[in-house]
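Both complexes shown next keep chain A, but they swap its partner, so chain B is in the first and chain C is in the second.
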Partner chain A sequence: MDRTATLTKKETSGHESQLGLDTKADRLTDHVKTGVVSQAKGSAYIEQSNTKVVCSVFDPREIPRKSGYSVNGELYCEFKFAPFSCIQWRSHQPDAFEKECSLILRRSLEPAVCRHEFPNFQVDVYALVLENDGSALAAAITCAALALADASVPMYDLVVAATLGVHGDKKFMDPTVEEESLCNILPPDGRSRNHGIITAAFSPAHQQMSEFAQSGAMDIDCATSSIQLLREACESIYLLSQQCLLKGVTKMLKKKQKEIKLDLSSDRIAC
Partner chain B sequence: MYNRGFRCDGRMRLDYRPMEVETDVVSHASGSARLRLANTDILVGVKTEIDTPYPERPREGKIEFFVDCSANATPAFEGRGGEELGTEISNSLATAYQSSQTFDLTALCILPGQQCWKLYIDILILECGGNLFDAVSLAVKAALHNTRVPKVKGACLDGGTVDLQLSDDPYDCCRLDVSDAPCLVTLCKIGDHCVVDPTAEEETCSSGSVVIAITEKSLVTSVFKTGVGSFHPQTLIDILKVGQTIGLSVNKALRAALLEEEQQGRKKECFGFLK
Partner chain C sequence: MATCYKSIHPVKYYRDFLAKGVRPDGRDMQKFRPVSINVDSIKTAEGSAIVKIGNTVVVCGIKAELAAPKAEEPNFGYLVPNVELPPLCSPRFCPGPPSDLAQVSSNFIAETLTSSGCVDLKDLCIAPEHLAWVLHCDLICLDHDGSLWDACVIALVAALRTVKLPHVSYDVEAETTVVSPEKRNKLQVHNTPVATTFAIFDDEILLTDPTNEEESLSSGVMTIVVQGGQLCSVHKPGGSPLTESQLQECINGAMKRAEYINKLVNMTLESLGT
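Then we have the complex of A and B:
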């Protein structure tokens, strides 16, 4: 609807020959939308190519199973794949991979949230992947940060995330599911021993990396050079997040203005 | 004093605390190791079981990590308190060992598509004195080095089910190749500098740490950040480079220690849990 912001990804054809970046012609548009779940305090929905993630944030509540007082609030994050989201059916119970992703999600968001503003309380963030076409965790991090902002949770900055897949000397930005499974295997011809997936979360306003999660096996130079690539990808997604949030806030202000006008006009009729 | 590179216990920023490792401490396990890193005490036991391989990977065995934060370590681990930390450590180990370059799972295959070995690696945290990730990964590497997998003498197909005959001789077994197994190195950021091997007190006053898994061949197999802080990209690059050099020396030191222990053979002094 009106609060949708769309970004057309520019072709990085200039870089292709240098870095072996693989861009697919059909991965051109990303859609982001806030305020999708009416029952939640704040929510956001993101679509990156075929990956669809929805995230809801709820009001702060008391930390369950805790008796002492904590000066900083806590973030409770849950990352879940819907049973029909992946190629194979996924169980309703979170498995080890989903628990790890929940942990990465929490670590990415914690540095950006002003936890001292809600001491002794816990803010719940639930991210659900409706369809997984690769890079679901990065999409969930971006979505969750927007949902937190939509829920008016005090934050230092918006967090955005991107994924990079490495296979031999090729690097894939925002890999699809097939590319991700390729990056988990060693290149067969033995030319290079690098392979893996890196998910990085970035806060562009403060130029801080809030999470860097790498798996697979690669040289240290490969890992350090990917930091720069991921940073650039995050900067472009950041613009999209900012636009989306701005649209959401202006829409809400216009709605409030209309309500105020209607109230005033109804008073005149009553008198 | 901290800015000049000294720490509370007199170490330099990149120094480890004294470490002691002993293998073959548990007789019922296929492999075991105990590692003491100052106040941190880790016990790892490896059990081998026969299992069916995953259908999409018929030539590979299986490996599973489980970390138990015992209430012996701190009262905070009572009941389910240590579960979150345990899951974090086991997930980080699983990610570090995921690549085929670190641990060759095809060595655990018995009959492709039918039977394979499954290694259950159980880690017990007996005492928590800071720097759990490093200690656990070193103990796991030592335990895997010590693991003896029984040799399969024969196999016959009996109406669809496979009947395996294992060797009767307890000394007739094969060893695992852990030359490429990674070691986790924790680099804790305190103020403007990062320190290696933080004590429990240093961990509480840091904003965040980066854990990097390095193999002997200088491959990075896992990187993740713990704690609530964030890093500037340049700081992260510097931390990764420091972590790589430290990781290589730690791997070498552990290898030398394990070889020395093996050379002592039957004459080796068993300390067990008394020291």
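Then we have the complex of A and C:
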């Protein structure tokens, strides 16, 4: 049954690459949810097509092994693939790629967090990819920002990210794993040498870009037009993220009201 | 008011509740939390399952690889279970090497697998001495709210039952391997063990399916694994002693639970249409 699923997906991706620029706006963030991990201060889960990422954030804690005073609090970010999330089985030890992704995750989130609010403390952010079908890092960045907001960490704005694959004159928004590996190789026809993957993180409220990570090589025109595309894609994710947070807050408020009512009645009984 | 009392004296808070025969989350002593199962949702794995018991969530993904069997066991494949408790699931865990609990859990799951004989390792052998399957069974806890092992065992067994391995033929003479991913065979799962955890509160009260809070406040935790009406293993690492009748009560509870869980897993797998 799962065979047919992957087959149809391959066919569609093949079809889309013929079109050149594929506009899979629907593929971007099919499913977002906050408050999924009960033990964490804040958490979020994102599903983008088959890519599944869960992220949780914990209470600030003192920075371990630090002697000096730091004016700004720190973010500790960890990005991890589950051993079964990729085509090949992954070992439990974090590899170089995961470490690089952790760093990108931190760099993209830091500008959005009011770090002066918790000097000398660090906030832990953990992202886990349960299934990787491309654009896992971008999903993790969006997910982590939502988890931070869910944990009520003071922030200037949300951070949303998207990935674009470039292969010759074709551009793939939110590429799948197959498209990602295609974008990592030089186009064979020799007309254009542009190839690579761009992951960019934006804070739309301030029209700022907090992180730009590019692999491969491409000319400047291609890079700038890609940024434009990514920015537009992020707008739609931003709306979804905001809606998701709003839903979370209304749910929490309702729960709190109920609790206050219960607490008052229990106090009355106690008296 | 109630929240203050709870944070100042959590044990007394629990005692007050238990004296009335109810737990703070509204369950009575023998009541289990709701269980939900989702199978085959991770397409990159050969088999997978997600199990939720109350707030506790465990994901199991099984990846298959090919390897040469061990020289001393040429007819056997490998089944490598591993329990991961990432810092993501609870503030109790720190990043770095696996915690003690994670290692103990991995060992418990490995022992449960071998003692219950739910997968025959001979089924995983393709060509004796040359080629065999390695099944990496990775269990990741996403939310640790007690009764971790119950969720792990359910997830593992459910995931194993969804595993479909591609057909592999091995030519001994030419030493060539031909994998045909279109032809897939289901893995034979012979037994379905089910684990049930109990917490012992104040040396005498038995709490079925404890939450994280109940586990940490109790004076002992016990896990019973049963399969097909038989006792598979009892894990009771220290803690307060139990009487024979209490133990019997727990075993009876575990037996009933196993029936219910197996029914649930069967139903989920049937709904998948396999």
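Operating definition for what follows: the second predicted complex is superposed on the first by the 237 of 271 C-alpha atoms of A that agree within 3 Å, B and C clash if a C-alpha of one lies under 4 Å from a C-alpha of the other, contacts with A are read in each partner's own complex, and residues count from 1 in each chain.
In this text, a residue touches a chain if its C-beta (ideal position, glycine included) is under 8 Å from a C-beta of that chain, and two chains touch if they have at least 3 such contacts.
Only a predicted model underlies this, so the values are computations on that prediction, with no experimental measurement involved.
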**Asked** Here chain A is shared; do chain B and chain C fit on it together or clash?
**Response** fit
**First (chain B), second (chain C), both or neither touched by A:163** = neither
**Asked** Once the shared chain is lined up, is A:59 touching chain B (first), chain C (second), both, or neither of them?
**Response** second
**Prompt:** Thinking of the overlay built on chain A, is A:34 touched by chain B (first), by chain C (second), by both, or by neither?
**Reply:** neither
**Request:** May I ask you to decide whether A:49 touches chain B, chain C, both, or neither, giving the answer as first, second, both or neither?
**Result:** neither
**Message:** Per the contact definition in the header, classify A:241: touching chain B only (first), chain C only (second), both, or neither.
**Reply:** neither
**Asked** Given the touch rule stated above, what does A:226 touch, chain B (first), chain C (second), both, or neither?
**Response** neither
**Overlay on shared chain A, then closest C-alpha pair between chain B and chain C (Å)** = 13
**Prompt:** Do chain B and chain C land on any of the same chain A residues, and which?
**Reply:** none
**Asked** Which residues of chain B touch chain A in their complex?
**Response** 87-88, 90-91, 94-95, 98-102, 208, 210, 215, 218-233, 236-237, 240-241, 244
**Footprint of chain A on chain C - complex, ascending** = 1-3, 40, 42-45, 48, 55, 57, 59, 61-63, 65, 82, 84, 86-91, 95, 98, 136, 138, 140, 142-145, 181-182, 184, 212, 272-274
**Asked** What residues of chain A sit close enough to touch chain B in their complex?
**Response** 96, 99-100, 103-104, 107, 110-112, 115, 184-186, 193, 195-196, 198, 203, 206-220, 222-224, 227-228, 231
**Fill in**
Listed in rising order, chain A residues that touch chain C in their complex are 1-3, 5-6, 36-40, 50, 52, 54-56, 58-59, 76, 78, 80, 82-87, 89, 92, 124, 126-128, 130-133, 263, 266-267, 270
